[in-house]
Amino acid sequence: MDPFNNLEEIFRRFPGIGPRQAKRFVYHLLSLEQSDLESINENLSVLKKTTVRCSVCQRFFFNRIESLPNDGAGIVCNICKDPNRDASYLMIVSKDIDLLSVEKSRSYNGMYFVLGNNIPILEENPTERIRQKELLQRVNSLINQDNSAILKEVIIATSANPEGDNTADYLNNLLRGHINDEVKVTVLGRGLSTGSELEYSDSDTIKSALMNRKVVK
Amino acid sequence: MDPFNNLEEIFRRFPGIGPRQAKRFVYHLLSLEQSDLESINENLSVLKKTTVRCSVCQRFFFNRIESLPNDGAGIVCNICKDPNRDASYLMIVSKDIDLLSVEKSRSYNGMYFVLGNNIPILEENPTERIRQKELLQRVNSLINQDNSAILKEVIIATSANPEGDNTADYLNNLLRGHINDEVKVTVLGRGLSTGSELEYSDSDTIKSALMNRKVVK
Amino acid sequence: MDPFNNLEEIFRRFPGIGPRQAKRFVYHLLSLEQSDLESINENLSVLKKTTVRCSVCQRFFFNRIESLPNDGAGIVCNICKDPNRDASYLMIVSKDIDLLSVEKSRSYNGMYFVLGNNIPILEENPTERIRQKELLQRVNSLINQDNSAILKEVIIATSANPEGDNTADYLNNLLRGHINDEVKVTVLGRGLSTGSELEYSDSDTIKSALMNRKVVK
Amino acid sequence: MDPFNNLEEIFRRFPGIGPRQAKRFVYHLLSLEQSDLESINENLSVLKKTTVRCSVCQRFFFNRIESLPNDGAGIVCNICKDPNRDASYLMIVSKDIDLLSVEKSRSYNGMYFVLGNNIPILEENPTERIRQKELLQRVNSLINQDNSAILKEVIIATSANPEGDNTADYLNNLLRGHINDEVKVTVLGRGLSTGSELEYSDSDTIKSALMNRKVVK
């Protein structure tokens, strides 16, 4: 067992990393103090014990080991537990990192659900690609909640590309069969994103930008 | 006079062209037939006579020489003359090429005005940078038009970057002083442009995409 | 005939120019003074009369119309006429612009021959792709020159890519059949080009860099 | 202690990794099995024990723990121990990864020395930046070796950029003071690197390519 080669092999499987950068990573590790490597080890050892999926929104979050529930019930993240978040809105995102981008924008105060994946076009088993059962359970629980707000809107927040659109179509059909017409299903608005120049914008974006135009205050 | 060097010098001043590509252009010209060069000459000779600014929207358009008005009145382009275009909408764009992008999107049937430029931030003489006098004349003529529709909305269609925003702010202030409150002033909608991924979108774009979200049919 | 569209069409055929940049070029022309356009016309009109191929090295060069030879003999460029250039060296380059790069380096004082093209791999008629007949004439004239130096070396200065290598192989075989063994045939040296890092260099380049290593003074 | 944040922080310090990719790496770790994470841990634990610097050439290499010398002498890598390598040549490279590129080219069978760094231009303490003492020891041992070959040549194999050139100048001066004139000091050859086109090559590269030109067999 040669740990240099093994680690190079492990880094090659990291997202976006080629063979040369994998090698550089191992040289970087070699340049660290042994105590730094031990610190990596300690963090890795507890990573999966302390970073757990929320049983409600399915996102990864940090959870102290001591705070694991005794009664076998699911672990719930701080967003899902927060009484100040508006449970009449549910936003569905594809990945954990999308949720972080939305949170960072400070423009949304409802609940989330992390789907896990997009559904590729022509996918034969879309049900297998996403957390469909968990999503429907979550939607049901928000419809039947006895306290607080009743679900008003599901926001499908997928990316503006063919896979994202395909996922949104699939989710809309799925949800329409499970919720009544009083619950709105929406998708994110299209238009000029920051930095877009009109000259270089495609026709769909211009069309959306025109339809979503805003009265200036 | 060395025409190779002269033409190289001329091509260097073309937008986005460096010294090497300028040289390649002259070699390309040399590889053409003499008849091709004569055809370029003929087109250049009549370019400015036949491609004229519309006296109404200020855009460049092709106008047969014979069709020049005798009475000294301005020349009017086919869009501004088209009775099927809705004169209750006026869209202000920065450049001719922006207008072409909007036309290509087939999503707008109103009138246009080509400003000529954006207004850079901290510009001291914004009035000089744009066709301000012509714009105000055009807006007045649309407000006081005795036939057809009365102006309902001015759409400021600048790019989603700091210069575009600065231009939009300037135009809004300018127009507010010249039109009454019944005429709406709008800007293009922001949101995810085609191809945008949520993960890589900035907070402003996410905020706009959320505010402009759409109910799925 | 719409000169805007015609010129856009002409610019699209320029090397490396897409449809959008072609359009921008026409708008650039429209922004020029009529006198500037006339100047382009004048230069274009005389370009092919004054920029002519040297009958010796085949490169394009500027030649005053008045200086055309009366006797029907070929026109000769200033490099080929220069008595200070060393006619015992002949460098073969693929394109005019390669010759300009070598001249700019001020590292060569021999004669040139411009081949016109590279020979693509698997080309069935290599003879047609290049100025083969003119090259052999030129080599013969340098071998049999009664005054001055006798040809000592032919330098094949093609690019370091598969097409360039293929062209060099073809030329070497061709020349070997026409010149005796006292005339050397050489190719450009390989090694680290300016800016190359060892880490990112391919094995062939490293091998050449090692073989061509130099004693430090 | 939140291991997600800690690991994100650790990955941010990896060469070439920004904040977003650091986050993606942690999500990638979370997607692995616990057994995969344990395997990373095991490799990290022994990395620095088994990947050690060769006491002769200073490169990192894999060394089984059991094979540590008892007598306190230095550990020697397989290249430095290999009796088939020619000890009359010593190549100095800046970094471990440069040595791997040269080995991969299979064009060198001499010895190596890994300097550790380049010397930046205007560096005030060049002695501190590189393994100068170890280099001089290594050169001395090769000059005074009682068996086998006597050192014939030191090849300074730095990159073809200003830092590499500066390092080569420094090393040449340093070595000249320590070895007699019978030992050659060389630098890597310059010329067209694989893929270089003549048209885009700088003057220095063209000059070197001309000086290093080769007779075709």
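The chains carry the letters A, B, C and D, assigned in the order they are written, with residues numbered from 1 in each.
Note that in this section contacts are C-beta pairs under 8 Å (C-beta built on N, C-alpha and C of every residue); 3 or more make two chains touch, one makes a residue touch a chain.
Source: prediction; values computed, not measured.
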Going only through chains that touch each other, how many steps at minimum separate chain B from chain C?
1
Among the chains, which is located farthest from chain A on the basis of C-alpha centroids?
C
Does A-D or A-B have the larger number of C-beta pairs in contact?
A-B
Find the geometric centre of each of chain A and chain C from their Cα atoms only, then give the gap between the two centres in Å, rounded to an integer.
57
What's the distance between the Cα centroids of chain A and chain B, rounded to whole Å?
40
Could you give the separation in Å between the centres of chain A and chain D, each centre being the mean of its C-alpha atoms?
42
Could you check chain A for residues that touch two or more other chains and list them?
20, 95, 97, 199-200
In their shared complex, at which residues does chain A touch chain D?
1-7, 10, 13-16, 20-21, 23-30, 34, 36-37, 39-48, 50-51, 60, 62, 95-97, 100
Using the touch definition up top, name the residues of chain A that touch chain B in the complex.
93-95, 97-98, 101-102, 104-108, 155-161, 164, 168, 172, 184-216
